[in-house]
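Next, two complexes with subunit A in common: one pairs it with subunit B, the other with subunit C.
And now, the complex of A and B:
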């Protein structure tokens, strides 16, 4: 997903079918997240992404919002493992270290509150 | 099991003296006197500052009076969804005994720096999410998911109405190991360094690999790296003794959000 005009984007997709993009020193520290849709929300086909560990939950929410081309009035809610909604300023590294499984942090996204 | 009730009470009753002053750019007419208030360490700024807001509203321009309220200390905007005690221990100079001086603002909410969790409803939602995350770490989420909505409500109401017994009637279930377990699976803990709001979270087990109960010295050894050594740990304004057992610490010194918020002092090696 490296758009030419978006070279600052540090979220890249790893398509499991084709060969992975070459790893740079920066990529080595990136964390793997899995984005699952839940409820009445469009589905992002590529589910596996790598993210800079210091990115926030809010950054991921904005990324999904932009990727799905949602209306400004629509919100994206994020949940970790279908259990809790992390604070928008929480960093991905903390979530990964505490709640990651099998080398991935599993996040669920939806347009409405799902698990309270 | 959090059985040291005296300790729980002392933590619950911890308070901070705060001196609120208005934003000079927002005042119209007479400059208001500062507003002094004793505030619970365990609560959140938007929950305890209604009186402060009402007091200062009269002195500021009409167009700002309904604006989103926020606070700063020495130019640092304060995160509204962090417990007040955490903010204080991070920012207030340790040896300074004077009231903590904060400025209240009614305009120019710093959207890029502060998350807008500024209403009771939004804070309650955030609080419940903290409890859920803490329970996932301690009990795989089994205790909180077995609770009813009325139990969740009782925790929140106990916190905002300063009702220790009401709060702990439910919270004690979250502060016990699950079933016949000896301890929590992992401890909900947030580590802070210097005056940085961005905390670290790691999986911390209360037991060593051999099944022994770990203490603070063990934790500080885990946090130390080849370049810096963890030498001190503070929470609720208290320097913790390194022999304190971690399971006990989690049960007694957690904030109402069920997390330990620990400030770690490091020394370069």
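And now, the complex of A and C:
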């Protein structure tokens, strides 16, 4: 887990706007996503996040997994609507282009043990 | 539990196929023909979705998709089948992978070449992947284990509109089967 450090720093809550001016360019390019919990997964209090558009779906899955401190055998699943789970190597920008509404990409997440 | 009846599987597979045709994807639906058919092939492709099936009483259809996967050593031809599991009442993903010289990938090679994300979790291999008989074709295929599928499908807040699509999009990526984003378009479900 070499990228664990920047995982924490590069995903920033929209509630805390403490970034200095050089970052505003970056903020413009960042996309707004809304995380909704379904099933028995713990709820993340901050629902709105901004994410680098080039991050992948699996990166968000890993982020939530770590944020909720889940067990390694449990897996986070992400859905764009109630039916479709995007491929893990899909980047957020593409998803946003296909499924974004009102300037936001709504993602649903749930967890389960996938095997065994 | 989010399990499916055979009739639901049938309806949703057809709906999935309709979506695939709309997106110009290459999914196909096959039906096993009656055992006494003179036709040398034991199953036929269903091109027209309005075509009625010969026998709707037993699980005798499957969705099929083929693609080539590039690996470190070779180009691998993989054929994926989505089949209804009577015991678990969920869709199951069966697949068979061949190297370019025609040889079949065994369990170990399948694991090594197709399931890249799990390389560090070797001990879970047998919980995920089994070689077993294809319920329609009666030939040995690799299968992803279905015992948690209903549970995973059940984790939705609302009921999924098409569990076959949900299943493929959830489990496919584990074995390099990835659906395009177009399938997420909810308008397609109304086709």
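Here, the second predicted complex is superposed on the first by the 95 of 116 C-alpha atoms of A that agree within 3 Å, B and C clash if a C-alpha of one lies under 4 Å from a C-alpha of the other, contacts with A are read in each partner's own complex, and residues count from 1 in each chain.
As a working rule, contacts are C-beta pairs under 8 Å (C-beta built on N, C-alpha and C of every residue); 3 or more make two chains touch, one makes a residue touch a chain.
Remember, predicted model here, so these are calculated numbers, not experimental data.
> After the overlay on subunit A, what do you see for subunit B versus subunit C, clash or fit?
clash
> Once the two complexes are aligned on chain A, which partner has more residues of subunit A within touching range, subunit B or subunit C?
With both complexes superposed on chain A, more residues of subunit A are touched by C.
> Once the structures are superposed on A, label A:39 by its partner contacts, choosing first (subunit B), second (subunit C), both or neither.
second
> Is A:91 in contact with subunit B, with subunit C, with both, or with neither (first, second, both, neither)?
So A:91 only meets subunit B here.
> Does the superposition put A:77 against subunit B (first), subunit C (second), both, or neither?
A:77 contacts subunit C only, not subunit B.
> I'd like to know which partner A:99 touches here: subunit B for first, subunit C for second, both or neither.
Both partners.
> For A:112, select first, second, both or neither according to whether it touches subunit B, subunit C, the two together, or no partner.
second
> Given the superposition on chain A, at which of 7-15, 25-33 or 43-51 does subunit B overlap subunit C?
Clashes occur only in 43-51.
> Show me the subunit A residues, by the header's touch rule, that subunit B contacts in one structure and subunit C contacts in the other.
The answer is residues 58, 80-81, 83-89, 94-95, 98-99, 116 of subunit A.
> Using the touch definition from the top, list the residues of subunit A that touch subunit C in their complex.
36, 38-41, 58, 77, 79-90, 94-95, 98-99, 108, 110-116
> List the residues on subunit C that touch subunit A in their complex, please.
Within the complex, subunit C contacts subunit A at residues 117, 124, 127-128, 145, 147-148, 151-152, 154-162, 165-166, 169-170, 172-173, 178-179, 181-186, 189.
> In their shared complex, at which residues does subunit A touch subunit B?
For subunit A paired with subunit B, touching residues are 58, 80-81, 83-89, 91, 93-95, 97-99, 116.
> Using the touch definition up top, name the residues of subunit B that touch subunit A in the complex.
Residues in contact with subunit A: 79, 81, 115, 117, 125-126, 128-130, 132-133, 136-137, 141, 186, 198-203.
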